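Two complexes, one shared chain (subunit A), two partners (subunit B, subunit C).
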Partner chain A sequence: MFNKLKRLSLLMVFFISAARLLYAAAAPLKVVATQTLYADIVRQIGKEKVEVKSVASPKFNVHFIQPKPSDVRNVAHADLVVYTGLDLEEWWGPLVEAAGRPEFFPGREKSVDLSRGIRLLKVPDHPLSRAEGDIHLFGNPHYVMNPENAKIMAETILEKLKEVDLPNTSYYEENERAFISRLDAKMAQWKELCSHCAGQEIVAYHDEVVYLADFLGIKNEQFLEPKPGIPPTPKHMEFLEKYLKENNVHVITTPTYFPKSSADVLAAKTGAKAVTLAMNVGELPGTEDIFGFFDYDVKTLSEVLK
Partner chain B sequence: MNEFFHIMTLPFLACLILAGIHAYLGLHVIDRQVIFVDLALAQIAALGASLSLVFGHSMDSVHSYWMSLGFTIVGAAVFSLTRFKKQQISQEAIIGITYAVSAAALVLVLSRSGEGDEHIRQALVGNILLVGWPEVLKILVIYSVIGLFHFAYRKNFLLISQNPDEAYRKGLNIRFWDFLFYVSFGVVVTSSVRIAGVLLVFSFLVVPAAAATLFAHRVKTRLIFGWATGFLASVIGMAVSYYLDLPTGASVVCVFGAILILLGLVKRIDNQGLRW
Partner chain C sequence: MRIRIILILCVCCLIPATAKADEIASLASQVRELTQLVKDLKLTVDQQQREITGLKQINELKSQAPAAPAVPIYQQPRPNKPFLEVGAVADVALKLDSPKVDQGGADRVSVRELELVLGSNVDPYSRLDATVAFNEQNTAELEEAYLTRFGLPLDLTVRIGRFKPRIGKDLALHRDSLDTVDEPLVIQRYFGEEGVNKSGVDVTKLIDIPSLMVHQLTVGVLEGGTGEGGTAFGSTKRRPTLYTHLKNYLDITDMTNLEIGVSDAIGSRDEDVTFEVNILGLDVTLIHYLNPNQSIKLQSEVFYQNRTESFTISEIPEGSGRFFKNDLDGTLWGGYELFDFRFNSQWALGFRFDDVELVDNPVTNPNKGDIGYSGYLTFYQSEFARWRVQFSHFDLATGKDDNQVLIQGTFAIGDHKHKLQ
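So, the complex of A and B:
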């Protein structure tokens, strides 16, 4: 009798642990990304094998995000985190700390720093002084704006997914190949659509479209902010007015989260056009994934740069 | 539930520590009718920190800390020197002017220095949800020291706040005690604002004290009432923020508002007494 009971309970233990293992294998990998575009790339590669959440709503300036309790909870439960790196998301460190997951600290095994392998623009080539504004010490961190970089990011994400979820390696690899070939085709289209853009010049609100400009061969050296993080001053507006006229610049771009008023004023004075560009996936209607996002921005630029 | 404690314990502890010292300081602030003095001092401290950025130090450096402390002391001196027996311009006006001028000076300094408002904004906004152990311990130590100091000299501080005429009559050096009051107040507010933001700090300062004034007269009962209000608002605020997934600081502030409205209603019903 006793023996029977023992055997039965052993059997039960076996079944329960087997069920657990099976469940673990079937449960999607939980990933938290700081921004929506990163989340989208993870989704394109992981499909139903991942469950992705992003922290920063694209409707807000990514420099200043106030994480909520759900963000702490999501990070606390994540298997993997994906972030910009450099010094863009200053709220990220405190968030990881509040979630109590040291393995997500920069450089640790379960964290993916997407800036790895990216050719950064505007890396300061001289010792920095604070007099130059909210300069990013390591180079311009808004690299999401170039689809070429999405390829590198996809590669980085794939490597990590394979590392933490070995059994699904071929699944991830296949999805990534499909993603890259679709992206390649799209990139050719975008270059084609905006082929007349190359060599033209735009003025942006903040220095965050330089990577897109680089991709399309557009020149972007002047900004509405006199220095990064500082709203336009009268003198700087006067300078820009002259600059736009003298250099025949017709386009001023702003993101949704900065006031468009100064761009509109400058546009009215110079006859230039002020347009809104999306800075991240999901920021504007039609930008629900990375393809729609670049479709939107490239189309907007190609129409005003005629 | 477990999860709730895991995420909200530190913010809650920070709220309790804030409630402890601010409910007390709030009693002074309400008696003295200098409601916005915390905003003015926080702004002066931010101005000091921004100047240290101009000299090439970072916001969390020791230099920046001493600069903002130095400016807070200057602010305290201004507030204690502009208090007279017969007040020609009300203290509230001077506080308002100090706030506006130091906020504007901050804009000027930033535009020259080129440092964007990113760091300064962090110093004035603060996110209580992400507060860490070191910060909680830091404010616990600072506020305990200041609390003990106030407890030791409570007679002088309370007399000057509640009955300045009597204090003048007794021949107390009011300038000196006012200066000490504003310096200690400034140190508290500057540290609180960094972790909790101006809105939340203002609420912790004024709401418990105002609620207590509605129902109690003696300092001791007011203090206990104020602490209870602060505690209640923190508990409900944490729950609201967690279960409705709303920004934590703003949740606590709105809960404070709701509690004060409820208490006001209770008071009204109470006043009408038996007619109900």
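So, the complex of A and C:
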């Protein structure tokens, strides 16, 4: 009797273990990305083999996200995390700590720092001070705004997916190739669509479109913020009014999450056009994936810079 | 004939000389070729020697450190952030107070506190955080110094050291994270003017149950006592305070979330081993974002005390009409309601209502507690500087009223990240 029971329990343990292993093998890889654009690239490469969630809503300024307990839960249950790196998402460290997953700490084996391999713009060449505003130590961290960087990010993501999910290597590689191929074709289209933009100048609210401007050959050196992170002041608006008129600048861009009133006031005074650009996937209708996102921004700039 | 003989002799003499000259020339040529060959060989050897040296160096480097992962694309060198995160937060306040007798701190500008905040990962599994507060009395106080250990079995996270306990909402926050200039009255009266920082250990766990809500449980034990001016527990440190907090969080929509927390803390009022004080807490916070720059926050916390110590009502001194406050059924409660409206990216206004029954303050009316009404306006100058003006009216249990105007400046420098609550 005792032996029968023993055999039965061993059999049960075997079946439960096998079921768990089968479930684990079939379950998609859980990935948490800090931003929606990163989540979209992971989705493009992983497709049904991944289940992706993002932390920062595209409706909010990524600098000032306040992670919620639901984000803590998502990170706690993730297999892989993807983040900007540099010093853009200062809230990321406390979030990973709250989730209690040391393997997701920056630089660790299951965290993907997407800034690797990116050619950064505006890397400081002098000692920094907060007197210069909310300046970034490593350079401008808004590299998501250049589609060429999406290729580098895709490569970084692919390498990590292969590392953590070796059996699906060829699947991921195939999807990445398709993604890159589509991206290459779209980049050629975007450059052609905005070929007349090259050499023209825009004024942005914050220095977050410099990478897109760099991609399209647009000059962007003046911002509504007098210093990064410092809201527009009357004195600076006065300077910009003069600058726009003297330099024949017709376009002011703002993201959705900054007040548009300053841009509208300046536009009214100078005759320039104030337009809204998306800063991330899903921020505006039609920007549901990375292609729609760049379609929207490039089309907007193309039309307004005619 | 002679001439022939002479000619033959001459020829005989000349032939070897010519042959020797050719041989010498040939030898000289060979020597030149050989010299060139040696030179070439020397160059080749030198070249190979250099290559060997280079290969040796590479091998040495390879044996010293693991090979760096191949970075296929241009990677520019970047400065590294220092290991130690160091920041400082200054809290400057101007307090205009109505009582005629100055109890200290009134009608003047004071640096209430300068907090030096330090933190860093100790190793892949743990992190050390510390906060040292300097105040105007030129004293330094160790507010917090604790180690957080991550990645334990069952996904537990443990804190050990001196820290702010996770009881309710505001008690776990630093002053610079509050919506108002001062702590709610219930926190001040029960736990201390600036809340509680005590040594102990607590364990936190996310509870995995199928639910729309996120549930997080914290259980901890602290040394006994309260913060400065707190009356909930006695001052004996060896009688510990046990506490637990269950946080329940729900994303109602992308723009609205609700948090309901339940806390319980039991501790000692005196030196005996019994836990005479049981405090039950309930906190509710609803946040709704109208857009990225506008939000409404409604927050309420209530603490209910059940005290099994004996009470007596006594008039002190006799005939003075002043009584020693107590509660006949051994229960007390206090709480606050807060409304905060961020109406602009830089401006917020709000209101707080406080009502708290006191533990054992001498009062003229034993059934009356301290009641407060506070309104405030906050200006966020930048990410690192904030100004706040607050007007408070207190209807105190002593029977007196108090009006206060507080102007607060909070400034942060260096690396200062708030912990997630």
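Keep in mind that, in the parts below, the second predicted complex is superposed on the first by the 293 of 306 C-alpha atoms of A that agree within 3 Å, B and C clash if a C-alpha of one lies under 4 Å from a C-alpha of the other, contacts with A are read in each partner's own complex, and residues count from 1 in each chain.
What we mean here is this: a residue touches a chain if its C-beta (ideal position, glycine included) is under 8 Å from a C-beta of that chain, and two chains touch if they have at least 3 such contacts.
Values in this document were obtained by computation on a predicted structure and should not be read as measured data.
Colleague: Please tell me, clash or fit, for subunit B and subunit C sharing subunit A in the overlay.
Modeller: In the superposition, subunit B runs into subunit C.
Colleague: On the A-aligned overlay, A:Arg73 touches which partner chain: subunit B = first, subunit C = second, or both, or neither?
Modeller: A:Arg73 contacts both subunit B and subunit C.
Colleague: In the overlay, answer first, second, both or neither for which of subunit B and subunit C A:Ala263 touches.
Modeller: After superposing on A, A:Ala263 lies clear of both subunit B and subunit C.
Colleague: Output check: A:Phe105 vs subunit B and subunit C. Expected answer is one of first, second, both, neither. What do you get?
Modeller: After superposing on A, A:Phe105 lies in contact with subunit C but is clear of subunit B.
Colleague: Could you figure out whether subunit B or subunit C reaches more residues of subunit A?
Modeller: Counting residues of subunit A touched by each partner, the higher count goes to C.
Colleague: Using the touch definition from the top, say if A:Lys59 reaches subunit B (first), subunit C (second), both or neither.
Modeller: In the superposition, A:Lys59 touches subunit C alone.
Colleague: Applying the touch criterion given at the start, work out whether A:Arg119 contacts subunit B, subunit C, both or neither, answering first, second, both or neither.
Modeller: Second partner only.
Colleague: In the superposed arrangement, which partner chain does A:Thr233 touch: subunit B (first), subunit C (second), both, or neither?
Modeller: It touches subunit B, and subunit C stays clear.
Colleague: Could you tell me if A:Leu95 is touching subunit B, subunit C, both of them or neither one (first, second, both, neither)?
Modeller: After superposing on A, A:Leu95 lies in contact with both subunit B and subunit C.
Colleague: In the superposed view, which residues of subunit A touch subunit B and also subunit C?
Modeller: 63-64, 67-70, 72-73, 76, 90-91, 94-95, 97-100, 130, 133-134, 229-230
Colleague: In their shared complex, at which residues does subunit A touch subunit B?
Modeller: Those residues of subunit A that touch subunit B are 63-64, 66-70, 72-73, 76, 90-91, 94-95, 97-100, 129-134, 227-230, 233.
Colleague: Sort out for me which residues of subunit C touch subunit A in the complex.
Modeller: Of all residues in subunit C, those touching subunit A are 71-76, 78-79, 81, 121, 124-125, 127, 148, 150-152, 155-157, 204, 206, 214, 216, 247, 249, 251, 254, 257, 259, 291-293, 344-346, 382-384, 413, 417-420.
Colleague: Could you please specify the touching residues of subunit B with respect to subunit A in the complex?
Modeller: Those in contact with subunit A are residues 3, 6-8, 10, 53-54, 56, 110-111, 113-119, 121-122, 125, 127, 129-132, 241-242, 245-248.
Colleague: Which residues of subunit A touch subunit C in the complex?
Modeller: Touch residues, subunit A against subunit C: 57, 59-61, 63-64, 67-70, 72-73, 76, 87, 90-91, 93-95, 97-103, 105, 108, 116-117, 119-120, 123, 130, 133-134, 137-139, 152, 155, 229-231, 256-259.
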